[in-house]
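Both complexes below contain chain A, partnered by chain B and then by chain C.
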Partner chain A sequence: MTTETRNPQRQDETLNSIGIKKPRIDGILKLTGGADYAADRNLPNQTYGYPVTSTIASGELTGLDLEEALNMPGVLDIFHHDNFDRLSRSPNDFAAENKVGEPRLPFEDNTIYYQGQYIAFVVADTFEHARAASRKVRAHYRKNDEQLTDIATLDSGEGELPGEDVPGDASSIGDADTAYAGAAVKLDQRYSIAQENHSVMEMHASVAHWENDRLTIYESSQGVVFQRNALSNIFGMPLEKVTVISHFIGSGFGSKLFMWPHAVMTAVAARRLGRPVKTVLTRQQEYLNTGYRPKSLQRVRIGADQSGKLLSLHHDGCNETSPAGLHDDTVSASSMKMYHCENVSATNHLVTVNKCAPTSMRAPGEASGNFALETALDELAIQLEMDPLELRRRNFAETDLSVQLPWSSNHLKECWDNAASRFGWDKRNPTPGAMKDGDEIVGYGMATQSWEAMRQHCGARVGFRDDGTLLVACGTQDIGTGTYTIAAQTASERTGIPVEMIDVRLGDSSLPAGPLSGGSMATATVLPAVSAAVREAVEKLKELATAEGGPLENAESDSIEIKDGRLVSGDRSIEVAELLRQNRVGMIDGEAHTAPGDEKNQYSFRSWGAVFVEVRWDPGISRLRVARVVSTIDAGRIINPLTARNQIEGGIVMGLGMAMFEETEYDPHGYPYNNNLADYIVPVNADMPQVEVELLNHPDYLLNEFGARGLGEIGLTGVAAAVSNAVYNATGKRIRDMPVSIEKLLSA
Partner chain B sequence: MRQFELESVEAIDQAVRHRRVHDGQAFIAGGTTLLDLVKLDVMQPEKVVDVTRLPLKRIELLDDGRLKIGALVSNTELAKHEIVMRDYPVISEALLSGASTGLRNMASTGGNVMQRTRCPYFRDPDMPCNKREPGTGCSAIDGINRNHAVLGTSEQCIATHPSDMCVGMVAAGATLVLEGPDGQREVAFEDYHLLPGDTPEREHDLKPGELITHVILDAPRGGGQHYLKLRDRASYEFALASCAAVVNLDGDNIGEARLALGGVATKPWRADAAEAALKGQPATQESFERAAEAAFSDAVAYSHNGFKITLGKQAIVRALRDATARARA
Partner chain C sequence: MAPVIRHSTGVGFCTPGAQADIAERPSAVSGKTSETRRITLTVNGQQHDLQVTPNAILLDVLREQLNLFGTKKGCDHGQCGACTVHVNGQSVNSCLLLACMQEGVDIVTIEGLAESAGFEQGHHPVQEAFLEHDAYQCGYCTAGQMMTASAVINDDTIDGDEVSLREALSGNICRCGAYKNILDAVQSARGKMRGGQ
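Then we have the complex of A and B:
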């Protein structure tokens, strides 16, 4: 491990490449089709896999008629329960980095847990042949009449939420019950967020290829190391015999963090047939087999005094999970930290439904929990006849009371001020329906945004080459967020070599192990590792340069700096590439592994933000539109303002989807009704409001040497609450169940 | 792989003749409905006849003032055509509110008339559907029916007709020209699409072998026109409720109003009762509201789509208000 200095008081260094608006270095490849996505991979002698899925939601598969399908043109084999390889489940352990999306192996038993579950896997010489044959597989079922696809049907609407309590999720400080009982002002409300699907642009795909006993799998993955580790466990193979490659990803939003069963089916089929197999899921299959944000029910109880001071906060959550894989969305957890309240209790329940395993979806848990808490605060402000922003100011958390630690860095107050001022919050009329403009009623709403700042261990390798270029390699991946670019900026910052001369390699599990692209932690994790690897390599360069006869002979190692790609000591200097050429060395490399240290036990790390929303409600035609979103974000140092802003804007758009449109629907018979992009409504360009994002750029040096936190999730948080609060301001209708649909507005 | 024969035809009689010889044939123009449904295994034509080379791409002003539109005129071309924009804005607006630029560039006028429902149960061959497989039952009636119809439904089918253009054409008044083995015939546009009744698989009055060759719009009715489409998001979604209004004033009163509805009915819906309620009435909010009530007096709501009755009335009132304002301008 390389040691790092972390000091909050340090002087900001002058940076040349970090903090610069650098267009994505992989942009040209993406524009020209040069970026090799998983499904683009074609291997010699390749075959095509197509899954057959269950058409019932609960029961047992009692038989499969395969004869007709096996006789279809081009069919090579059909895999199913009776002929599938005997494999071991992955331990499914996050800490051991082998967590998978659905721990149940494909075809493991004949029980049907959900509609869409894989019951067979057809492999043929072309995609079309495989698909046509899949439709000739006849399945026989014993159907259970009882199935559950909507947890709301279990909710009585008052008191405790349905489901099983998860004891490990319960946390509390003080005595929330007693404080609630004695509070002068009380609120007790229920909220819900519909199931959402990630709806990624690039379909999930696997291309598996065996060479002797080595497996290479091309996958659209947010975690090549996790998938490598999981496959190694499942197939009982040494890590070094499995390679997972994911050079480019067309968005993941969490659905590609952990491996799904299609990859295992594909790998098994490739081994059995002795030929590469490519599987590209259809949109319909993807909606049923690659996770989703589980529907959550929530109950928030707040006790306050007349001045708005929070005396007690209970936040209870309940989310759906699956018999095929447990997922706890911990929706209430962040409420322990958001505001200054000395008596807080958070719990979570789980209900098992007939769906595939839920998984993380952008700002998992917190986006849902934040909606409930930030809407409840708006309701409390109205009860108190107080400005909702003022209510939040009065309850600013000076420290993280839940763990009794100071914040590493917290500029939430500046976020509130900055965003409120840019939005024009002072022009808000708190009376619902009071702000009119022609046919439309204008509504203003706001919410606090927040997301935990995390960092993981990480390896990275850099290599100075004799042609002046610099190799940077890390076993993480770029899911479209700009990781390639900021890794290059970091290496450029630390060497002075221009970004254009830096060759970044990511998305390959054989590289030094890097983090998942998730949880807004890749930036804070990868950059220190790249920087440390540069230091390792520069030490080797110094040895070369100061050796006898070398260009910096006799120079003190400490006196040597690397600047503009040159080693400089006093008035002597040598270009690194020239040094290598002189020594007939092709490349000098350095590898480092970095990790978070004891700072986790000394400080609490979070990013913060404030989001303000203007909605327009035309009651004559029941039309709700979001006209304007203003957000100010405190996410530490901004490494690349272009990609950073893009992340926040994207999060906001996703938040609009959560607030207004997105809802995965199952009919009363358990049938998935809208598993496609025509019927599952996401915002489109015409829905885009004016979006104004400001990034504060206060480095958080306690987290890493650059002071960077992540910002993939935070943009989404707060948006649904700000929209629903603005809807109340416009309409006087309080919609507590997302999305705010036309029929809810009409019936409220 | 599902094999089908593809043949291109150069002349109308050739297209029609082919159609008579083979059952299980489909014509393809833009393909924006057919190809989707083939891939979904909902339509399984053995032979596909490509009609895109037929000479049906002109828009022609007839001597009697009517406008004759070739069935292969694209949705984009029709929406942007000078005469359509000037004399039939309700049709232009309807077209531009539908789909996306890319789809409108591909989609043809005749194909738009032949669009099939977006009912998800219809589009999934694993689900019971009387329209796709008569006698199997309707999954929507006791399933999710938020997007389904409240007018013109039957116990067999409650699927909506998805077109915007057709709603505009019903309001503007039009005639379809059909060419078949037995020659040419004309059908009033609003009689072409059929109510589901007991035969939801029969969607229109097209006889075996017939091809739509033209749509002839009635001579312009003038007045104020407006197409209003209400839906969840701002674009790229089928209507939850839409209204095409053509209003001619007689002083401060309504002389003649023509109203058609989309998104709420099993076919492009002429709101006759609402039109009757408006005739000779003052052009006021109260009259518009009375007309809206009349339009939905026979509506039947299902478990998820009751809001469409409210929304449909709102579409009528607002479309009438804005069309009237244009009539006055």
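Then we have the complex of A and C:
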């Protein structure tokens, strides 16, 4: 483990590769069809798997009619409860990095917990044959009379939220009850977020292949190390016998963080048949079996004085979870630290429903909780007849009161000022419906954006090669965020070797273990490891160069720097590649493992932002649209402004989905009937408003040597509240349940 | 309670010790083969003689038989645009076409886009613009976006203003939300390909 110095007062280095708009180094592969996503391969002798799913939500599978399916052309085998391999469950432990999406093994018992649960797995010689045979499998069930598929049916809409309290989720500072009771101004409101599905473009896919006792699985995964560890546990195999490869991922947004059961079925079938098996879930199955952002109900109570000072905040959350896998979305947790309030209480309840396991979805928990809190603050501002931005300013959190720690770096005030100014917030008329433009009524709304800044342990390896190129390898993934490119920028920064000469390898569990691509932590985690690995390799290069007869013989090691791919000491220098060639060495490598230190106990780390939204409501044709979004983000140093801005804009687009369109809808039998991309509405190009993002670029050196925090989640936060607040400003209607559909707007 | 397996053939319900013969099993459990037909497809200027079942979809044939993986499956229902290819220069969803009905037409996939437009060396202007404008993130919808974009640019009925282009590109979902950059890239490529038109 290498040590790093972290110093908030350090001088900004002059950087050459970091902070530059750099087109993606994997761009040409993606633009020519050359990038290999999981299913983009046909292995010799390959077969095709096709899952069969339950058509009831709760009960028992009492029998399967398989004869017709088995007699279909091309069928090789059908796997199910009675013939599946005996395996062990993964311990499903996040800290041990073997967490899975659904801990239950495929076909483990005959109990049906949710509609869409796997009941059989057909394998055939072609995709067409597997699909055709899957439709001939007949299942017999004993259906439970009682099933629960919607949390809202338990809710009276007032007072306490339904469900069981999660003791570990309850946190508080001060005495929120007493402070609320004594407050001059009070607000007590309920909010909800509909279930959202990730709806990733690339369906989950596995291609499993055994060579003797060694398993290689190509998977669309945000965490090859987690999946490798889980499979090792499940199959009782040493880690080195399992390789999970995920060179390119057609996005994940959380749905591919943790392995789902299709991968286990695919691996078992491949072992049993002695042939590779490719499984690609259907778009419909994606909505049945690969997680979602759970529906949440929330209650916010705020007590304030007449000046807008927050005296008390209660935020209670409640989310759906599944008998097939517990997921606590902790929607209220971030409210403990968003604003200066000395009396705060946050709780979360869970309700088990007959759906597949929920999982993390982009800004999990916080995106939902932020919606409720930031909408409640807008309502409070209206009650106080105060500008909503001014209300927030008056309650800026100078420190993180929830843990009594200073912020590592917090430029939220600058975000508010910058975004408000660019948006033209001063032109806002607070009277609903007062701003008109032709047939349209204009509404302005805003919200604060935020997401925790995290860092994990990470390994990385670099290798200087005798052809002048540099290898960088890390067992993390690039899910489209640009990790390949920023890893190359980092190595280039630390060696002077041009980005074009750097060969980055990611998405392979056999590489030094790297982090999940999730939680906005990959950048802050991976870059220091790459930098440390460079230092390790450079030390070896120095030994070679200063050896007897070497080009830098007798030079003090400390006097040697690496610049432009050369080792330089005073007026002597040698190109690294030439040094290797002279010594007939093909490659000199260095490996490092880095980890966060004690700074977590000394500072609180968060990213901040402000988002302002203009909506337009045309009452003549009942059309609501978002016309303009302005956001300013404080996420530490920006490594690649080109990809960073894109990612924030993408988060905003998904936030618009949450605000305007996205809702997974279930029939009374627990079937998500809008399980496709025509009926589950996501934003398309024609829905796009004008989007203007600014990234502040203030390095946070307490988190890592580059001062980078992370960008994946924060863009999405705040957007739903800002839209809802703007809708109120336009229409005078307060929509507290996302999405703001036309139906809700017309009936409000 | 274990399920009752009705009318089971018993084949495939192996205990671990009974698996030894699986590798030698010639093909399917049933031994049945399905009716196939012989077709010739012209893809990226090359002719391919293929055996396909009548229900084989062009998208699956491109990927699973011709190893042309640049064309992606995103929904299999004509809802997302990820599988967009050109058939006789028109952009179409390859997931909605039966392979056996595509004889005698020119099919172009992302692998052949540049060459089909006369850029035998290097890349199509749309590809270059997508790189420069970072008009993608994960890259999965990107081939479809570019196949649509290149057809849209060549379509004289679609104007080059923002509203017209956004509408014309809306059959292609990008869940990463790179729409702003996609529009910028398409406008840039359109300017280069059509000049002031």
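A few points about this structure:
Just so we're on the same page, the second predicted complex is superposed on the first by the 748 of 748 C-alpha atoms of A that agree within 3 Å, B and C clash if a C-alpha of one lies under 4 Å from a C-alpha of the other, contacts with A are read in each partner's own complex, and residues count from 1 in each chain.
Operating definition for what follows: contacts are C-beta pairs under 8 Å (C-beta built on N, C-alpha and C of every residue); 3 or more make two chains touch, one makes a residue touch a chain.
This structure is a prediction, so every number in the text was calculated from the model and none was measured.
Using the contact criterion defined above for the overlaid structures, shared-chain residue A:I681 touches chain B, although it does not reach chain C. When the two complexes are overlaid on their common chain A, residue A:T126 makes contact with chain B and with chain C alike. When both complexes are overlaid on chain A, the residue A:R625 reaches chain B alone and has no touch with chain C. In the superposed pair of complexes, A:V137 makes contact with neither chain B nor chain C. Contacts of A:P73 after superposition on the shared chain: both chain B and chain C are touched. Within the superposed three-chain model, A:N83 lies in touch with chain C and out of touch with chain B [touch as defined at top].
A simple residue count on chain A separates chain B from chain C, and the partner touching more is C.
In the superposition on chain A, contact of A:M521 is made with neither chain B nor chain C. Within the superposed three-chain model, A:L746 lies in touch with chain B and out of touch with chain C [touch as defined at top]. Once the two complexes are laid over each other on the shared chain, residue contacts for A:M203 go to chain C alone; chain B is not touched. In the superposition on chain A, the residues of chain A contacting both chain B and chain C are 73-74, 126, 128-129, 132, 676, 678, 682-687. Contact residues of chain C toward chain A in the complex are 1-9, 11-14, 16, 19, 22-23, 25, 27-30, 32-34, 53, 55-56, 60, 63-64, 67-77, 79-80, 82, 109-111, 114, 123, 127, 130-132, 134, 136-143, 146, 165-167, 169-183.
Residues 23-24, 26-37, 39-42, 60-67, 70-83, 85, 110, 124-129, 132, 140, 198-203, 248-251, 253, 272-274, 280, 282-283, 479-482, 642-643, 646-647, 649-654, 676-678, 682-688, 691 of chain A are the ones that touch chain C when the two sit in their complex. Residues of chain B touching chain A in their complex: 1-2, 41, 118, 120, 125-127, 139, 142-144, 146-147, 228, 230, 232-237, 240, 304, 306-307, 310-311, 314-315, 317-318. The part of chain A that touches chain B in the complex is made up of residues 55, 73-74, 126, 128-129, 131-132, 135, 620-623, 625, 660-661, 665, 667-669, 671, 673-674, 676, 678-679, 681-687, 741-743, 746-747.
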